[in-house]
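Across the two complexes that follow, subunit A remains constant while its partner is subunit B and subsequently subunit C.
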Partner chain A sequence: MSYFYLVLATPFIFALLVPILYKKINPRVHTGWFVLLVPLVLFLYLLSYSAEVYERGAIYLSLPWIPSYDINLTVTIDGLSLIFSLLITGIGFLVVLYSIYYMSKLKEALHNFYVYILLFMGSMLGLVFSDNIFVLYVFWEVTSISSFLLIAYWFEREHSRTGALKSLLITIFGGFAMLAGFILTSIIADTYSIQEMIGKINVIQSHPFFIPAMVLILTGAFTKSAQFPFSIWLPDAMEAPTPISAYLHSATMVKAGIYLVARFTNIYGGVAEWFWLVTGVGFVTLLYGSINAVKQIDLKALLAYSTISQLGLIMCLLGLGSAALYFDAGNEGTVYAIAIFAALFHMVNHSTFKGSLFMLVGIIDHEIGTRDIRKLGGLLHVMPISFLIALTGSLAMAGLPPFNGFLSKELFFTSVLQAAEMPFFAMGTWGHILVAAAWIASVFTFVYCMIVVFKTFFGEQKTDKLKKQAHEAPIGMLIPPLILAGLVIAIFFYPDILSRYFLQPAWEAVLPSFAENPALQIEISQWHGMNREIIMTLGVVAAGIILYKTMKKWSNIYYHYPKVLTLNSIYELIVEEMEVLCLGITKRYMTGSVRDYLTYILGFIILIVGGSVLLLDGISFNMSGNSEVSFFELGLLIAIVITAFTVMFTKTRMASIIAVGGLGFLIVFIFVLFRAPDLALTQIVVETITTVLFLLCFYHLPKFKKEKTSASFKVTNVLISVGIGIVMTIVALSAYGNRLFEPISGFYKNSYEVAGAKNIVNAILVDFRGFDTMLEILVLSMAGLGVYTLIKLRLSRGKENEETK
Partner chain B sequence: METYMSIVIGVLFTIGTYLILSKTFLRIILGTSIIGHGVNLLMLTMGGLKKGGAPLLGFNESSLNDPLPQALLLTAIVINFATTALLLVLSYRAYKVLGTDDSEQLRDHVQQLKDSDDEQ
Partner chain C sequence: MKKPNDIILKTVTNVAVVIILTFSINLFISGHHNPGGGFIGGLAFVAAIVLLFLVYGIEKVRKNIPLDFKVVAACGVLISVLTGTAGMIFGKPFLYQTFGFVEFPIFGKTELATAVLFDVGVALAVIGTTMTIIMSIGDDR
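What follows is the complex of A and B.
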């Protein structure tokens, strides 16, 4: 077992330790300091792996988990998983550091908070490393659940609960779709390993299940990455504490869908359906997010919509890049492959600038007490450092130099312009529409970036509307966003370090067939000369400034859009209708009557056992091995049947109890006849006690009433009981008639030599299976205790006391 | 013999199931008891009947009956007793507290008790 598995296990182990530690050290020391170690150590450790992967290529490890089902903890450590894991641990470190100052150790339930965070971190790492699709799925769902827990962290607020529920419903819905897609893919490719699937691309792409499987997997990715129309959960997820929004809902979890698409591009990409689905949804999301972000008045909601739009941008870049796979490995495809690089690059950039912006909003919220844009303004003099953070983050997001967003935004334009001239996939006039959409979305992006900077930090300070006196945040809260802001600038000036050691291996991991090709290389430069991209950017700035200046005049159009048609109201309608429908269905069969439930259970036994016996040709009677029947035995059997029927038809309690007792004693005879002396002895004792018990209770229980039952009730009962009887007879006959293997009893034949016992049955009970018997005694004593307490129990009810005296 | 036994097992299961589906406590308990007998016979029959002597060493029998089903049955009989006893006392108790031995009426009675608790 490799030490690497410790990476996956550490967050979970720490998650177990946190509550214990919290009890010990809170409130002397903030629990976060302890948690902080986890992402830091993991980050450094993973960095060492990235050097190895850079030099020697991907590493594959495997640890058997459920080998009989071919489900193993197979791990792929390649450029793609490393870049994600470094984001998870790196941003995780900064977020935990930030949360130490953000989350008060006196007021908040920190142990819950950090357990959820660690749970998320561990499952997210598992998600990006695991190669087995079902293990990946499990981790995928754990991230959904931990996200749910974190959004509902302030569960006493109603908005938190509804937001959490919304995100859970949507992401789990997508998760199920993805699971179905995985199952289809595994059926097609006959493997659970993503790496092995890559070897079977031809089989997968020519299979009739190809398109359904692709759509299902993409549904999973789109829900998780908040793509249109599933994006509605992300704005509501902003009810979570801000460190969580920065971590899960902008930097990492929402990128799980991106990861999935990147991972499966190599398997599913290269066809028009994938290209248009991913690109199209990405573009719509990009536009939808950026246009909606402008109208938000809550800073955090604005950032949420901007995240949606940026995720759409990354998604459509991945879609555009998949065109490279239309070609075999060669120079022709490389032109389009740049889009994949741009996607990865922008993903890293987005994590840095959006993380810092979220932390900034957290700071404003924390220090000023509101995130409402209408109440903010003029903070420049009060919070100069925060202003720097806001400026860096916003301008990077708007795609201006000298910030990293500029570089990836230029690459985005390059990719779109190249794709627009694509001679395949029925591009045609769509190409121009794509370019126009990219440009319009960038303009709106520019406008909301201006809003973040200017509406918050310039203009008049509206002190009368604020509850708190505004002041700069403590240094500990400023450090994490400052580090991110520093990265934003550093990546602009030295993009090659990031590109060569991290992005290049990830790029090759997404397109392994191109990896041997030396053409898969890119030089990022800050200045390309006066080309089309630069002109587009200049146009964005010009149009953005005009739109921002004239915002008051045109922002009214947002209110003309009918409320009924918004995605949120559609979602609410669906949820409401589903609730009514489910309640109706459930009420129909959950009657609350035990007898009905028994009918279901027994009915299913008949269906499943009887059905499978019929379908699998299980009925085969072999009477040749039957032992002979003596007259006495036959008489005994008839007596048993008669007694049993007596129990059923008798009208008085006494008669039925005696009949059951008689039945028991008749069975004693059966045991005697069939060479089972121990059973006969036990049965005599047990039957005697049981009969006595029945008689004791008989004294207390009321007389049989004539059961008032409808005819249908009786008919169902008869049908079900006869069905059960027939099924059991068939089972008994078939079980006797078919011997699949020799009885294992031969093992016990030497009980005298092994256990010193001549009675084999006894030896089995007390020696070979001694623990079984011990536990049986335990069950018996528990039942005895139950009987005793039930009889002795005096309820507090006054009336009851009188009765039992 | 095994064939006849299988039919008897089927009959026992039929009657037991029918009783379990009725409403009176006592009948339900009797039903479980009868199903228990059916299960015991089923296991015994599956192992084969009269294949040899009782599984006791030292009697110079040429072959012995299968001891494993018998060992399992021994456990089953005792557990069956335990559950029957518990069920009986439970129904006795339920009757004492709620005043009915009808499983269908039980729900309404419990509801009434809850309501009267709420009033108090």
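What follows is the complex of A and C.
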């Protein structure tokens, strides 16, 4: 086993340790200092891999997990997974450092916070590294769940809970769709490995299920990456503590969808449907996010919408880049392949500047006590360092030099302009619309960047509206965003280091067929002369400044949009209707009476078992091979019948309980007669315990009396009981005469050689079918806890409920 | 209420409980080659404690066995899962079990199987769960 797996498991192992440690060291030392080690070590370790991948190409590792189902922990370490994992651990390190100062060790439940963060970090790393689609899916859902837990971290606030629920509903919905897509793909390609699927592109693309599978997988990616119309969960996710917003909801988790699209571009890309779906949704999201961001008054909501728009930008770049796969390889495709490079580049840039901006908003919120831009202003003199951070982040986001956003924005314009002239995929006039949309979105991006800087740091200070005296943040909170801001500038001046060692391998991982082409060394330059891109940027700046200055005059338009038509109200309507519908259906059959449930269960048995016996012509009584019924057996049978009738006709409940127990013990004798000691032993103990349990419940049962019941109730009971009796008798009798499959008992015969056990029954339990047993005891424990909570909660809350009635 | 005269029951119980407990452990250990195993052993163990319940009352037993049986159940499940992962460290699949023969000074040649460790988890989970259920229902007065 490679050490790599152990490293991947570290976040989970640390997550186990955190609560224990928290009890020991809190509040002397902030738990974060301990957690800080994990991302740091992981980052350095993964960095060492990037050199290896750069020199020798991708590394593949495999560890059997459930080999009988062909589920293996296969790991792909290539440029794409490395760039994501470095973002996860790098930003993770800064966020944890930041959180040490942001989260008070005296007031907050830090152990929960860090357990969730580590859980997220581990599953996100698992997501980007795993090659098996089902392992990927499991990690994908764990990130959704940890995100849910983190959004609801301040669960006493109602907004946190609704926001968390919303994100969970939407992302899990997408996750299920994605799972369906994965299953379809695995059926088509007959493999669970992404790498093996790449080898079967022709089979996949010519299959009739190709389009459904593609749409389902993209649904998963779009929900996770907050693409239109699933984007509504992201603004509500801002109820999470700011370090979480910076980490999950801007830098890493929302990029899981980007990762998925990038990973599957090679398999699904190159066709018009993929191109238009990804590009189209990306463009709509880009426009939707940037236009909505401008009207926000909460700084964090503004950043949330801007994240949506930037994610849309990356998504549409990935879509544009997939056009390269229309050509097999070679030079025609390369002009479009640049878009993929731009997507990866912008993703890294976005993580740096958006991370720093979120941390800045956290600082403002923490030090001033509000994020409302109407109450902010004139902070320049009070918080000069924060101003620097805001300036770098915003101008990078707006796409101005000398910041990294400028470089990727130029690449974005280049890609869009090239795609507009594309002679295939029915581009036509759509090309011009795309260019216009990209430009308009950039203008709005510029406007909200101006809002972040000017509304917060310039103008008059509104001290009377603030609860706290404004002052600069502690140095520990400033260092992480300053590091990110430094990166923003450093990447602008030295983009080639990032490009050569990280982006280029990642790009080759997305489009391996282009990797062999030696001519493809993408050079990022700060200045390429007065070309169309520069002119577009200048236009963005000019239009942006005009729009910002005249904002008061046109911002009223936003309020004319009918509220009923917003995505949020549609979502609420759907959820409400679903609740009503489900409640209606559930109330129909969940009557709360155990008798009804027994009727369902037994009726179902009659239908399914009896029905299948009838339909499969299973009724055949073949008594020829039977041995003589011995004297003991006959005696036991008579005793059993007598006891059964005693249960029915006895007058007291105590007697019937004892009779039921006696029935069980009589069956033990049957097992003994047929030499099944294991069964006999189990039956004895189970019967003993259940009889005791029955006696314990005895106390709570209502008085045993003759009941007056309706005729229909009696008829149903008779039908059910007679039906069950007949079906069971038929099944038992015909089981001997029918043999549909080869018996499997032969497999277990050599248990002594294989498992070293002479007792086959136990060898089956703990070895051959160990997985079953493990899950069984898990279910058993859960059932036990269920009984415990049902009884204990009722006891402690019973009085409260009665009072409130 | 009149105190029941249960001196015979108590005396028999005192002896019987020891026998049942010993038997349950024997059942557990012999499970590898003879009838028995974690599930039956665990349930027989519970049967002994249940007998104590019936004779001495729930409070007295709780005082003398101050165990949180929910934790016991959780530990059992944890042991089973962890022994399952142990195989993965040696590059084998999850829940891989193995066995070997070791020479001990008194017992002679003895078979040791990792499956027994897994079975310990099963037994603990069964004991913990059953006791949790019985005690919560028994408590609910």
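The criterion applied here is as follows: the second predicted complex is superposed on the first by the 603 of 805 C-alpha atoms of A that agree within 3 Å, B and C clash if a C-alpha of one lies under 4 Å from a C-alpha of the other, contacts with A are read in each partner's own complex, and residues count from 1 in each chain.
The rule is short, and it goes like this: contacts are C-beta pairs under 8 Å (C-beta built on N, C-alpha and C of every residue); 3 or more make two chains touch, one makes a residue touch a chain.
Here the structure is a predicted model, which means the values were calculated and not measured.
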Notebook entry, point to check: With the two structures laid over each other on chain A, which partner does A:728 touch: subunit B (first), subunit C (second), both, or neither?
Noted result: first
Next item on the list: Have a look at where A:67 lands relative to subunit B and subunit C in the superposition and call it first, second, both or neither.
Entry: second
Next item on the list: Check the residue A:770 against both partner chains and state whether it touches subunit B (first), subunit C (second), both, or neither.
Entry: second
Notebook entry, point to check: In the superposed arrangement, which partner chain does A:584 touch: subunit B (first), subunit C (second), both, or neither?
Noted result: neither
Notebook entry, point to check: Given the touch rule stated above, what does A:689 touch, subunit B (first), subunit C (second), both, or neither?
Noted result: both
Next item on the list: Check whether A:778 is in contact with subunit B, with subunit C, with both or with neither, and answer first, second, both or neither.
Entry: second
Next item on the list: For A:743, select first, second, both or neither according to whether it touches subunit B, subunit C, the two together, or no partner.
Entry: first
Margin query: Is A:670 touching anything from subunit B or subunit C once the two structures are fitted on A? First, second, both or neither.
Written below: first
Checklist line | Between subunit B and subunit C, more extensive residue contact with subunit A | finding: B
Next item on the list: Kindly classify A:717 by the partners it touches after superposition: subunit B alone (first), subunit C alone (second), both, or neither?
Entry: first
Item checked: Shared subunit A surface residues [contacts with subunit B and with subunit C] -> 677-678, 682, 686, 689, 693, 697, 700, 758-759, 761, 765, 773, 780, 783-784, 787, 791, 795
Next item on the list: In the complex, go through subunit A and note every residue touching subunit C.
Entry: 1, 63-67, 677-678, 681-682, 685-686, 688-689, 692-693, 696-697, 699-700, 755-759, 761-763, 765-767, 770-771, 773-774, 777-778, 780-781, 783-785, 787-788, 791-792, 795
Check: For the complex, which residues does subunit B have touching subunit A?
Finding: 1-27, 30, 33-34, 37-38, 40-42, 44-58, 64-68, 70-71, 73-75, 77-86, 88-93, 95-97, 101-104, 107
Checklist line | In the complex, subunit A residues that touch subunit B | finding: 592-595, 598-599, 602, 621, 623, 625-629, 633-634, 637, 640-641, 644-645, 647-648, 653, 656-657, 660, 663-664, 667, 670-671, 673-679, 682-683, 686, 689-690, 693-694, 697-698, 700-702, 704-705, 707, 709, 716-718, 720-722, 724-726, 728-729, 731-733, 735-736, 743-745, 748-749, 751-752, 758-761, 764-765, 769, 772-773, 776, 779-780, 783-784, 786-787, 790-791, 793, 795, 797, 800, 803-804
Checklist line | For the subunit C and subunit A complex, residues of the former touching the latter | finding: 27, 31-40, 43-44, 46-47, 50, 53-54, 70, 73-74, 76-77, 80-81, 84, 88-95, 97, 99, 111, 113, 115, 118-119, 121-122, 125-126, 128-130, 132-134, 136-141
